[in-house]
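You will see two complexes here that share subunit A, one where it goes with subunit B and one where it goes with subunit C.
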Partner chain A sequence: MKEIKIEHLARVEGHGAITVEIEGKKVKDVRLEVLEGPRLFETITLGKLPSENLSIVPRICAICTLSHKYASLRGLEKCLDIKVPEKTRLLRSLMLHGEAVESHALHVCLLALPDLLGYPNAVAMTDKYAEYVVRGLTMKKFGNQVMETVSARATHGENPIIGGFGRFPTNDELYALKDQVAALIPMACSVIDLVGPMKFPSWLDEETQFACLNPVNKKEYGLVGDSILISDGEELDIEDYKKLTNERVVPHSYAKRSRYKDKPYTVGSIARINLLGDRLKGKAKGYYDRYTSVRWKRNPLFNNMAQAIELLYALEKIPVLVDKLVDMKDPAVVKPGRDAGKGTGGVEAPRGTLFHSYEIKGGRMSKVDIITPTAQNLEDIERYIRIAAQYMLDKGEKDEAIKKQLEIVARAYDPCVSCSAHLVSVVRK
Partner chain B sequence: MSRIGDALHRLEETANRKTAFIGLGNRDRGDDAVGLRFAEDLRRLNPNRIFSEEQGLEEVVLDILMRKDVHSVIFVDTCDFGAEPGEIAFLQSDDIGDEISTHKVPLAMLMALIQKEGKKAYFVGIQPESLDFGKDISEIASASLKRIEEAVEKKLRL
Partner chain C sequence: MTHHTPEAKKAKKLPRVGIYGLTGCAGDQLTIVNCEDQILDIFGCAEIRSFLMAMSNNVEEEMDVALVEGSVSSKGDLEMLQDIRKRAKVLIALGGCACNGGPQSGRALDNNWKERVKQVYGDAKFSIPESLEPKPLSAYVKVDLAVQGCPIDKWEFLRALGRLVKGDGPIPARYPVCVECKHNENECLLFKDQLCLGPVTNAGCNSACINDNVPCVGCRGAVAEANMAGEVEMLTKMKHPMYPDRARFSYDDVVNKAMMFGGMPMVELLEKSKGAKK
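After this line comes the complex of A and B, so read on.
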């Protein structure tokens, strides 16, 4: 038996390995091994105050810190019977869109483009495509500025609190964000224009299932919802999230696995675009109409393109949010209506649906369940790696070429291995 | 000349009044904090030429790309180059690999961008003794950092 092993998947967050076992000419097993040690966040916060939980759990990830913050707020506020006013809701939405800009600009322009353009690494790409790197950095910087304006820090900001915000940004600060968007939209368009016409291999095509949150306003594209939309047409109340995730433990990984109706599913930009894309507006809708096809439901490599469209969507959404916010008075922080309760909050993080489910008793955290997007995607990543490995074997490719292709497939998911609890090794037997 | 002496000599020869310095690292991981400590110690002397990763690395590099008064950039960090703890290496941008990224823009890419803009990019690294979580910078790495800071201070007075 031969084993191809990618001991550390580069250009993804965290420590993961992919092992592919090959017997003769057949792929016998694929294991996406999450090697990050257990993070134990769900235990650390037990017995602590909800406000302490809110400061601790976003430390799960420095990229999706505000997604964790917002999902946590939604779960905690449900438990405590807090309903926040419109301005608080819109400002939280603004911070989430800033995070989407920061995360997607980084992944599409700086981490995925070398794969898509066929370069061996990011440095080689800068020779011919430096302008795209600079555009990516510029949009990333803006995303950070949005997050800093709203949450008080680009990473792990503490301004969003239970019931509202410590301080609302001034209208001048909000206009300063809006004023920059006009120059950034052409940058996002240029990235889609570059990636959009690229051809992705059809040998990877295979149907899968998708899931994302259905936005509260069901006519709009969005990143926050109270129900889960699934590609089989079902819609689950967010409190029933376990009917989607059905988590189980596998021996080769610290991350739990999720399956819906006993099959893998995918969350993230590709899921959102496939399920909600016809609700997009503006230039993002134009690109959606031009580039999406039935193959987007079969091939994970289109996730890179879906992220590029979402980058544009988020940039177009930010001025809309600012215009609404500047006309509203700053509301007071809403106090809890009770000190015990159960509740599940969810947001669409850049990599997909993020669930924070809580129970509070006597004002202290008594149950915590956090399910991250990458953990939900792991089964599908393994499945598509298997397809890619078998195709490359059938073509008689050498191990190094196989490894490279498998890494490209895994990276298309933009996995955050630290969040899910790390990636390729090929074993020939 | 010793390895440390050679690295410091090359640092002093390369840096001039048009050089910016960027300290990198992680203050929670022992000697990995040397680059951040470097920026903390020297930033007050010239905040236009001394930067820290904690200010936002990509943002700092983007600003430097636009600046006509900066002709070269020297990154300061820990670096495992297989030497004894406390040793110092002065590296060219070609010596920096396309490192494993953790949702961060690879340093090698940022250095390549700086070069693409017609500026020079270098790296000064201290071989760490320990990168354990929660530890302070080791005595040996602190001593090496002090020598780097003394060399850079002379250049900041230019």
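After this line comes the complex of A and C, so read on.
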């Protein structure tokens, strides 16, 4: 038996490795190994205050920091019977859209474009594609600025608190964000125009299942919802998230695995665009109509395009949110209505659906379960790596070429290995 | 961008730098990537030989400076760290996990890592490297410099890197968050009876949280010679706003919060402060 091993998956966040076992000319097994050590986050916050839980859990992942913050807030506030006013909700939505811009600009322009254009990294791309690197950095910087304005720091900001914000940004600060968007929209369009016409190999095509949160306003595209929409037509209440995720432990990873109806499924930009794309508006809708096809439901490489369309969507959404926010008065922080309760909160992180499920007793965390997008995607990532490996073997490709192709498939998912690694649920006796 | 070509780099003999991540959230490496206006200059002023999070074509050889983020949380992490230490002239711990152990060492006082792993994964057997109780880099190797923060502050990092590539040592801030907070003319949250860790926490964040009326969570680790006994005494003496005969915070409340990001140095400080109380 022969083994092809990619020991360190590059240009992703965290430690991952891919092992492909080959017997004769058949791929026998594929393992995406999550090598991040376990951090046992859910056991760290047990017995602590909800506010302390809120500070700790975003540290699961730096790139999705505000998604964790917001999902945690939604879970905690459900437990504590807190209903936040419209301005708080909209400002939280703004920070989530800022994170989407930051994360998608980073992945599409600086981590995935090198694959699509045949470079080892974004700095090397500056020979012919310098303008795309600069546009990527400019949009990413803007996303960070949105996150900084709302949360106080680009990463792990503490301004979003239970019941509201420590400080609401001034209207001047909000207008400063809106004023930049007009110059950024053509940048996002240029990236879609570059990637859109590219051909993605059809040998990778295979149907899969998709899931995402159904936005609270069912007519709009959005990143926050209380129910889960699945591609088989089912819709689950978020409290029933375990019916979607069905987690189990595997020996080659400190991340648990998810399957829906005993089959892998995909979350993230591609899932959202496939399930909600017809609700898009503006330029993003135009690109959606021009570029999406049935193949988007079969080939994960289209995730890069889905992210580029979402980058444009988020940029178009930010001024809309700012216009609503500047007309509203800053509300006071809402105090908890009780000190015990259960509740599950979810948001669409850049990489997909993120669940934070909590139980609070006597004002202390008594149960914590967090399920991240990458953990849900791991089974599908392995499946498509297997398809790619078998195809490359049949074609008689050398190991180096096979490795390169497998990394490209894995990277298209924008996997966040840090996120997936802590992935545990706590069983209390 | 001629200074990015291999020839130009050879001629200038730029310092060779490797950027690595052990177990953590990758927030310190992300902060480097977040230097959007400086990232091309960073790649220009140093020869970045290895940066797995951002590049594919990494070279693992001798280097002048290794920047390492994350805690040592598995045998794989430990082997990687020891290998980096052997190859690097200067090793810099980047961020709270590398400097202190991070939030994952927040239960270090309980000393029951193995039990908690079992709680989470049951009796599952793993084919990947064995997990270890998360510890800072200094628990295993010599660390030449600690850049604190969860995550590191972009400007503090750029100043440190700038001085290093010019052959100078960086200047760490050795005073608590309160100094910056006073400069920013914030109203002290301790006077509002809030559990603020500013007095015992490393500055360098420009008191970001307190500027927004949020008490310091201690994410930049314990400042050198922090008076933890004094902090504990001050906080546990505060009266409860609704029940004046009760304390607002118990000793455990203070420990719970201090251990969010304090890691191993905080364990030592708390031990010492117990002695001071007696």
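Everything below uses one rule, namely that the second predicted complex is superposed on the first by the 418 of 429 C-alpha atoms of A that agree within 3 Å, B and C clash if a C-alpha of one lies under 4 Å from a C-alpha of the other, contacts with A are read in each partner's own complex, and residues count from 1 in each chain.
Keep in mind that, in the parts below, a residue touches a chain if its C-beta (ideal position, glycine included) is under 8 Å from a C-beta of that chain, and two chains touch if they have at least 3 such contacts.
All figures in this text were calculated on a predicted structure; none of them were measured in a lab.
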{"item": "When subunit B and subunit C are modelled together on subunit A, clash or fit", "value": "clash"}
{"item": "Subunit A residues touched - subunit C or subunit B, whichever exceeds", "value": "C"}
{"item": "Which of subunit B and subunit C A:T43 touches, first, second, both or neither", "value": "second"}
{"item": "Which of subunit B and subunit C A:I56 touches, first, second, both or neither", "value": "second"}
{"item": "Touched partner set for A:E33, first subunit B, second subunit C, both or neither", "value": "second"}
{"item": "Which of subunit B and subunit C A:G337 touches, first, second, both or neither", "value": "neither"}
{"item": "Touched partner set for A:A152, first subunit B, second subunit C, both or neither", "value": "second"}
{"item": "Subunit C-contacting residues of subunit A that also contact subunit B", "value": "8, 10-14, 62-63, 106, 110-111, 120-123, 126, 130, 137-138, 140-141, 144, 154, 418"}
{"item": "Partner subunit B, residues of subunit A touching it in the complex", "value": "8, 10-14, 62-63, 103, 106, 110-111, 120-123, 125-127, 130, 133-134, 137-138, 140-141, 144, 154, 416, 418"}
{"item": "Subunit A to subunit C touching residues, read off their complex", "value": "8, 10-15, 33-44, 47-49, 52, 55-56, 59-63, 65, 106, 110-111, 114, 120-123, 126, 130, 137-138, 140-141, 144, 152-159, 161, 165-167, 249, 251-254, 407, 418, 421, 424-427"}
{"item": "Residues of subunit B that touch subunit A when the two form their complex", "value": "56, 58-59, 61-62, 65, 98, 100-103, 105-106, 108-109, 112-113, 116"}
{"item": "Residues of subunit C touching subunit A in the complex", "value": "1, 4, 21-28, 30-31, 33-34, 36-37, 39-40, 43, 52-58, 71-74, 76-77, 102-104, 106-107, 116-117, 119-122, 124-129, 131-132, 134, 150-151, 154, 205, 208-209, 211-214, 217, 219, 256-257, 260"}
